[in-house]
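Labels A, B, C and D are assigned to the chains in the order they are written; within every chain, residues are numbered from 1.
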């Protein structure tokens, strides 16, 4: 069997005159190595989406090439490291003007209990996104972290003789920043955790549980408060181009969530 | 085009000598009418799984017949009402010894806020399961309810100077009971809600929020407590053959759940 | 207990100087009535997200009012019908400049098998979105349909001596259109189904299965083809402001998807 | 702060007289090392459920100890390796008669395209389960693999003049076997893949796509066929105590699945 004899349907001319903005593969599972703040790497299990633009004259893109390049860069241990280089190769080998990727993965950080000091890894859902336009030579990198925190309701505390409802709350933060000034996953997570009523922990002994419970009660926060406190912090970063922030509290007194959202472009 | 000329591959003889326990269709979406406690019906949107046993001599079952019978019974408004009759027809038309179904659906109940009296519908994930063995003439009906409640941690309350962590907790309850003595979804849900630190509500005004917060604080419960309290109640029912009970608390101080499980056969 | 004595923390002044773009409730479950093309209504089970903007001076929004208004409009059977009126009331009662909603629901349409004519309901995931800005008096309505189709790979057909891989493919279509010229869910779904290799059906007898199999083989389509064909159709509609289109094929030869995306503003 | 002064509520006496079968933690995320067939290890990201039985006299179990032991064994790199030892320690430190765990994780295997020989990692959802009863000294280990394959419909092929519908199908296989005679994940996956119309691959070049398309067409299979072929193979293994097998085909011509299930105890 000779590949050369197999017709390349994708390469045929298309006559509908429609340029496609994004076409590629989604939910490709691949292990990749992420650079940690402390200079060692962490191997994570990622779900990848990679896509390119398709000129109006071509009938289809070449789906297998995306996976081929993923596999090659994975073997070179560069997949999670050189996003720009990867996108450039994708754009070149797919003969495309623009290329985009999204890697979604679980990232582990050792987390110490606040009093006992017991340490245990905790997993955070994170994502890398990159997009490259070869024509304009514009490259953008976007980092996403999803951070669980505790929020304790200020209204419930104020109006009740004792107690206050509290719950697990998820903060999703996406930031676009200039690639030369790295923002570490570890630092972004810490920034968000400091804006809740309390961080959450994988391992809490009794003395830690007392501390965390009291800290949350002393520190009541609406999701509006969490949102505003994170925003105040983000506005201080010079290297951030824009951020998108979402806060969802899985209310302990309802079967629905409280939810808040903000997107800001920081012009500096 | 004449169907009679199309070969029936499923009817061909199989020689591997293996009887299949369960084969059918899954995730068929279908609207059906559920009988409410107050004698009116509620139209729900269900996901259905229906399956039969397949004798060792047959190559395959006839998948389209399951959906055909679903559609016919739906039009007669009997789909959520006469589970036994439906299974008998499935078993007969599929020429099978046993037939099984599972309908999963969202069921709405009007729920009143505890102080203000404001009313609002609240949706509960429920399921009907039925299985019928034609040979032994054994029929079983299983009812499943999923009930969100609040749990407030007794340990956190005890050791902390103020406050106590609390969270949304899901109780999944499946019961098999004698079909002549109906157990209503409404009553099972209420039974479970009474075993938490507090029920959850769709709509709470400030006076309700105060009440619910204080009630939970006065009424701390581990998931072990919830489980035991529900078990104590279930053991009183004469018509229950067995129950399966699962309790999962989405801890507000962790990113994982506390979980407990019990299955009991009540011999009477 | 008197509500008047309970402090309204949300109404307190906030000093961080940050206006919040979106804050409200998410995943509130509520039944609502949708207008069908044939003039009867269909009761659907919806998940609602509703949010408003919050001026920088207020500490928090009033979460319970969203659910209160939902409940009131549900009782008047207007919830799925008068989106504009609902948003206006939300904005007014929450004292907000802008209000937004999203209702996600399963919608059933009777679908006839292509040859045998057997009919069976089929469920489609749909959504209504609305957003209203009181200041600028701008109102936008967005309709979303998710349509499963079959795609059969043109490349696989061309290079293989027999057969061709095919799979279930999901097309997600969101359109913003002028509310005076209604676009029916039924028509949008049909438009998309006609752009696949074949529609999918809930119930197919043997003669239908033959027809559908052969139709797909005669009509091979990449997701690029599906995307372009849907785009060509959408560009013809005068009342569409913009559309967002996503196509995902759950490849039968891979464990990942082929994916394509387009967003266009139609200026007329 | 001294832990000794914090009351241990869990240790209090319970008077309801109900022994709890299973109580513990769920969805704890933790990295662990899995032994591969080729003797090297693979670090995977697991979701863990661990639980013990609780005697009727105790009010609650000690949730933090589960996570503590997880963390300790993770640091020793023994977490995914010595399941028996881990459960024994859990049972001892929780003072429980029985202990159970479930680790769910994505496992990567390099997979070669059938003609071109291109290699790429492919992720499979797998799970380890263990349960230990200290009293009876009974220990059981259960291995779960989830394997995507292609199935091509024999009926559609037979009745159609050309083409045949095919789709991605998931086979879930759980086996309990004697721990001394290891069954490798790699071998179980291969066993299942050989029972489909064709395996699925992460990376297929045109010559591979031709091969896979034609192989599936030459090798049509109902899910009943897949189920029976896997069963025939499993019955040959001497070390298997029981298996549970589930097969779900995401039909390309429907929006629902075909589904089959079998559980067998092999008595030898």
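A few points about this structure:
The rule is short, and it goes like this: a contact is a pair of C-beta atoms (placed from the backbone, for glycine too) under 8 Å apart; a residue touches a chain by one contact, two chains touch by 3 or more.
Note that the structure is a prediction, hence the values are computed from the model and not measured.
Set side by side, A-B and B-C show the greater C-beta contact count at A-B.
Distances between chain centres, each the mean of the C-alpha atoms, put A farthest from chain B.
With centres taken as mean Cα positions, chain C sits 28 Å from chain B.
In terms of their C-alpha centroids, the spacing between chain B and chain D amounts to 25 Å. Note on chain placement: the centre of chain A and the centre of chain B lie 35 Å apart, centres being C-alpha means.
Along chain D, residues 6, 28-29, 67, 122-123, 155, 159, 202, 204, 206, 210, 255-256 each make contact with two or more other chains.
Taken together, the touching pairs cover every possible pairing of the chains. By the touch rule above, chain C contacts chain B in their complex via residues 1-3, 6, 8, 28-31, 43-45, 64, 67-68, 70-71, 74, 106, 108, 115-116, 118-123, 202-207, 210-211.
On chain A, the positions that touch chain B within their shared complex are 122-123, 148, 150, 152, 155-156, 159-168, 198, 200-202, 204, 206, 209-210, 212-214, 216-217, 250-256.
Put simply, chain D touches chain B in their complex at residues 6-7, 9-10, 14, 16, 18, 20-29, 49, 51, 54, 59-61, 63, 67, 154-155, 158-159, 222-225, 227-229, 231-232, 248, 255-263.
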